[in-house]
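Labels run A, B, C and D following the written order; every chain starts at residue 1.
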Amino acid sequence: MRVGFVGLGAMGSAMAGVLLKAGHEVIAWNRTPARAQALRERGASVAGSPAEAARAGVVLSMVADDGAILEVAEGKDGIRAGLPSGGVHVSMSTLAPATVGGLVRMHREADQEFVAAPVFGRPEAAAAAKLFVACAGRPEALERVRPLLETMGQRTFNLGEDPEHAALVKLAGNFMISAAIEALGEALALVGKAGVDRRAFLELLTETLFSAPAYRTYGQVLLEGRFSPPGFRLPLGAKDNRLLLEAGERLRVPLPLASLVRDRILAALSRGWGERDWATFARIAAEDAGEGLAAQGRG
Amino acid sequence: MRVGFVGLGAMGSAMAGVLLKAGHEVIAWNRTPARAQALRERGASVAGSPAEAARAGVVLSMVADDGAILEVAEGKDGIRAGLPSGGVHVSMSTLAPATVGGLVRMHREADQEFVAAPVFGRPEAAAAAKLFVACAGRPEALERVRPLLETMGQRTFNLGEDPEHAALVKLAGNFMISAAIEALGEALALVGKAGVDRRAFLELLTETLFSAPAYRTYGQVLLEGRFSPPGFRLPLGAKDNRLLLEAGERLRVPLPLASLVRDRILAALSRGWGERDWATFARIAAEDAGEGLAAQGRG
Amino acid sequence: MRVGFVGLGAMGSAMAGVLLKAGHEVIAWNRTPARAQALRERGASVAGSPAEAARAGVVLSMVADDGAILEVAEGKDGIRAGLPSGGVHVSMSTLAPATVGGLVRMHREADQEFVAAPVFGRPEAAAAAKLFVACAGRPEALERVRPLLETMGQRTFNLGEDPEHAALVKLAGNFMISAAIEALGEALALVGKAGVDRRAFLELLTETLFSAPAYRTYGQVLLEGRFSPPGFRLPLGAKDNRLLLEAGERLRVPLPLASLVRDRILAALSRGWGERDWATFARIAAEDAGEGLAAQGRG
Amino acid sequence: MRVGFVGLGAMGSAMAGVLLKAGHEVIAWNRTPARAQALRERGASVAGSPAEAARAGVVLSMVADDGAILEVAEGKDGIRAGLPSGGVHVSMSTLAPATVGGLVRMHREADQEFVAAPVFGRPEAAAAAKLFVACAGRPEALERVRPLLETMGQRTFNLGEDPEHAALVKLAGNFMISAAIEALGEALALVGKAGVDRRAFLELLTETLFSAPAYRTYGQVLLEGRFSPPGFRLPLGAKDNRLLLEAGERLRVPLPLASLVRDRILAALSRGWGERDWATFARIAAEDAGEGLAAQGRG
């Protein structure tokens, strides 16, 4: 299939690479052109603007945040300007549901389709075509882009017709991960301080009731204190947490566990940990248990 | 092996039944004799006191709480009184680490061995020999009772020499479950209020990052609001949460997520939900989001 | 002094009335003209636009929120357009520090002065000239408007040169009040459920360690459950809480007590309490203690 | 009046001294006799046991905790053993309501009266007869000891007939103080990080809405970071917080703000701050905002 691809960060490049490998024709655009060049070597065409990429009729976008999606979607060089009537914009970024709602209206007014298809997974998973995709949009539009989503993901979940729902589900999924990180952080601080072998504890968890990727991945990260290089940087986690809390506020849903994570993240940022993996916020629980304080001459 | 078994509640009966079925010789005791009679029909002998059951040389106990373990372990009819020198008491209940520490000392003074081997799993899992066992104690003692533990559990985890560690790990494991329940409760309240298909959301979680028993079991319970009959009653969850927080206090480890769960549980008990499954505390998140209020004429 | 006054809600009208009574010449503007007419009868002139009011050289604004201040300050009919070079805009509303920062820059570019002077107090206090004023701005500008502030307030506090500081202090002050409300709510729920005379408890507090207006006012409101008519509506409290949390986020300061209040407010809004006084959020603590549930047939 | 006095710590000595100065005849007892000797020089008689002190017919006790009150009240040398039938035991310590309930029953069975009269105030206030007293007990008993309470306190509050109510009110009062400390800690961390003059902020609070002793005292302590010597040691604050949470648990009243304080206190204890004033737990908010981290080479 001929498809535009806007946004070639670590995730976007990997995803576009998977499409190329599967034989799709990719017209790529990135704000900083160097990354587009790299993809050209793998067989992509390079577009001069998001609009040009969108002329393919189906265009995927994978950008950093709400500001970036508006930048590439609106304006005379934006996706809307280039996408033909009846064309589909598949947004795979993690965005505020409210922003997604605005994009839906914008494309509808231009007789275009909009599908939200945010993904779960890190760049390695993207490169291995192992992403999980949460998609929502009008059935015909979904049907049309399904082969692309199935190429990039190991599994695609249909959340219905409203793209805002997919956006919210993605935020809720990231919240679930943050809750698991906090729980692991507290439990490890407790058993560790008591002298329990933390590795044995973690093994018990992840081979029984918590035998799931979220616990295996982050349990290992916490056990080893391996926060660099980051798989997902703390400020990105802060952003997703903020979007979730904002969604809760709009819907009037209190989310005390998300509020707890918020305060952990801010405490971590205040400690200068902004370049680390977001799981680093679980270190606050360890510090509050006194870990590492002796080394600072405070114990 | 000839083995005493003290405490024949739903869990204990199932576990003792598994031992019988595997060919072990079980001498059983229960505070209310009716349950021991039921087990007699399945081949057990019935002891007149915990001391008598303990004379087998290896005795397992599975009782409701810290008060009950002291009742069956101490005194002239207690396990200590009957267990031969060099005998092993394997405590499989969920107990405070401090209580376990006391039992260790008590048995050591009587030249007896004490092994803590609390289990994860509900009565159905116990009956199917699918428990997970977290054990700790002196290596020779562990080695001696290993066949019994492996008969009752699908997997046994060795937490080292200190029985208190196994006790703490059990509490920490239950805390992890409660954290997952709270996270599910908040996420379901949020996406549900937004109109997302909650079943689809849950399916996405449990088939991807959270493909683990804790999420599958409790996700289903929350989705269906199926809190009766209870798999694990709320007051028992309250007790384990309290033991965890007390352990945190003794070790000076703040546990804000466990504190949040504590307040949820109390709010649920105040609503008269004491006979329900402990996952019912996740309903507080739903009520705080306004669910079910219209029906009460308050919306 | 000749002074413009923009924004004649309950607070603004009372404050402008105090200025008139003290002999100042007031040129008033309000978005809905009826309120300006009411003030005309008390001696004010009525301006056709914020710009016209600002031509007085000193203009006070007292509007609902960040959106409203931008509406009256910017544009060709706005305060900036009418204020002479060297004139002073005194903003008395509760605003985000970031918004105040923007106003400072906007006026500076127009060679105008900007003073932030948010106030503590309800409309009755405003009418009685009993407000407390937290002001910040350049010393000469503050000096110039001091007589006006002292006319309206019983006490003026100088927070220095940076108007953003006054804005933040106002938000922090409202946070302190919300913390007192939550503390009162929890304590009253506890002692009340135990059967303690809540009035005697409150008297003890407010005549000893907590003999302060915040506790007397809100203690009485909670004791009597008198949330209507509201002195300060819940959605306004929600807004100030959000602005505080946003300030905390920008500064990377975790505020768990403010997060707790946030979740209480959302739970109260979900219960349909949006028209009540903001102290109503303390009722969540009472409901979580089981108060009022029997009446709903749930006890 | 002839009165026994049991427990001569910093508080008890000051209180007994006030009674002596007012002309009462005091028969004093303390576990470590040196303190009793000091009081003898001020005119007291020294008893050989709590029982002997209790023979005066009215006996006041002021001890450290629940364990200590049982030690001095029970047993053959205890208050109960010495107090004549119809005599009154006035307990002024901060105790768990459940413990007070037990004392009520114990004294009732011995035909003795029990009055709970816990006090608010630090040793300086005790020495200056400026305590606030929260008392509860049978009217005749209260009437009989009223002159003593009024000698020691600047104000006495009658909480009714049930001594447990006075005990709970005392815990709730300390909780209110801890809530104010946390609120001050968060607010000061926020405005301080923004560059606001924290002294000016605090002055604004304590001269307006928060013009109360709790805010003036602890505001000053926090502003100056003056946690040593302690007015009230952190472990004592931890104990009162625990008693409050336990009371909440028995009554099934969630207390999330008290839970937050709990976690703050544990984090402070983990940092080795056990010898400081309990207000030191507000430093956790400051640390989480990044204060003091640069000095540790982490900023």
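FYI, contacts are C-beta pairs under 8 Å (C-beta built on N, C-alpha and C of every residue); 3 or more make two chains touch, one makes a residue touch a chain.
The shown structure was predicted, so the numbers you read here are calculated from the model rather than taken from an experiment.
Asker: Using the touch definition from the top, list the chains contacting both chain B and chain C.
Answerer: A, D
Asker: From chain A, which chain is the farthest off, judged by mean CA positions?
Answerer: Of all the other chains, the one whose centre lies farthest from chain A is D.
Asker: Return the distance between the CA-based centres of chain C and chain D, expressed in whole Å.
Answerer: Taking the mean C-alpha position of each chain, the two centres sit 37 Å apart.
Asker: Averaged over CA atoms, how far is the centre of chain A from the centre of chain C? Could you give it in whole Å?
Answerer: 39
Asker: Just the number, please: Cα centre separation of chain A and chain D in whole Å.
Answerer: Taking the average C-alpha coordinate of chain A and of chain D, the gap between them is 52 Å.
Asker: In chain B, which residues are in touch with two or more of the other chains?
Answerer: In chain B, the residues touching two or more other chains are 248, 252-256, 260, 263, 266-267, 270, 288-290.
Asker: Which of the residues in chain B come into contact with chain A in the complex?
Answerer: 97, 120, 132, 134, 155, 157-160, 162, 164-165, 168-169, 172-173, 175-177, 179-180, 182-184, 186-187, 189-191, 193-197, 200-201, 203-205, 207-215, 244, 247-248, 251-258, 260, 285, 288-290
Asker: Touching chain C in the complex: which residues of chain B?
Answerer: Residues 256, 263, 266-267, 270-272, 284, 288-290, 293, 296, 298-299 of chain B touch chain C in their complex.
Asker: What does chain D use to touch chain B in their complex?
Answerer: Those residues of chain D that touch chain B are 242, 248-249, 252-256, 259-260, 262-264, 266-267, 269-270.
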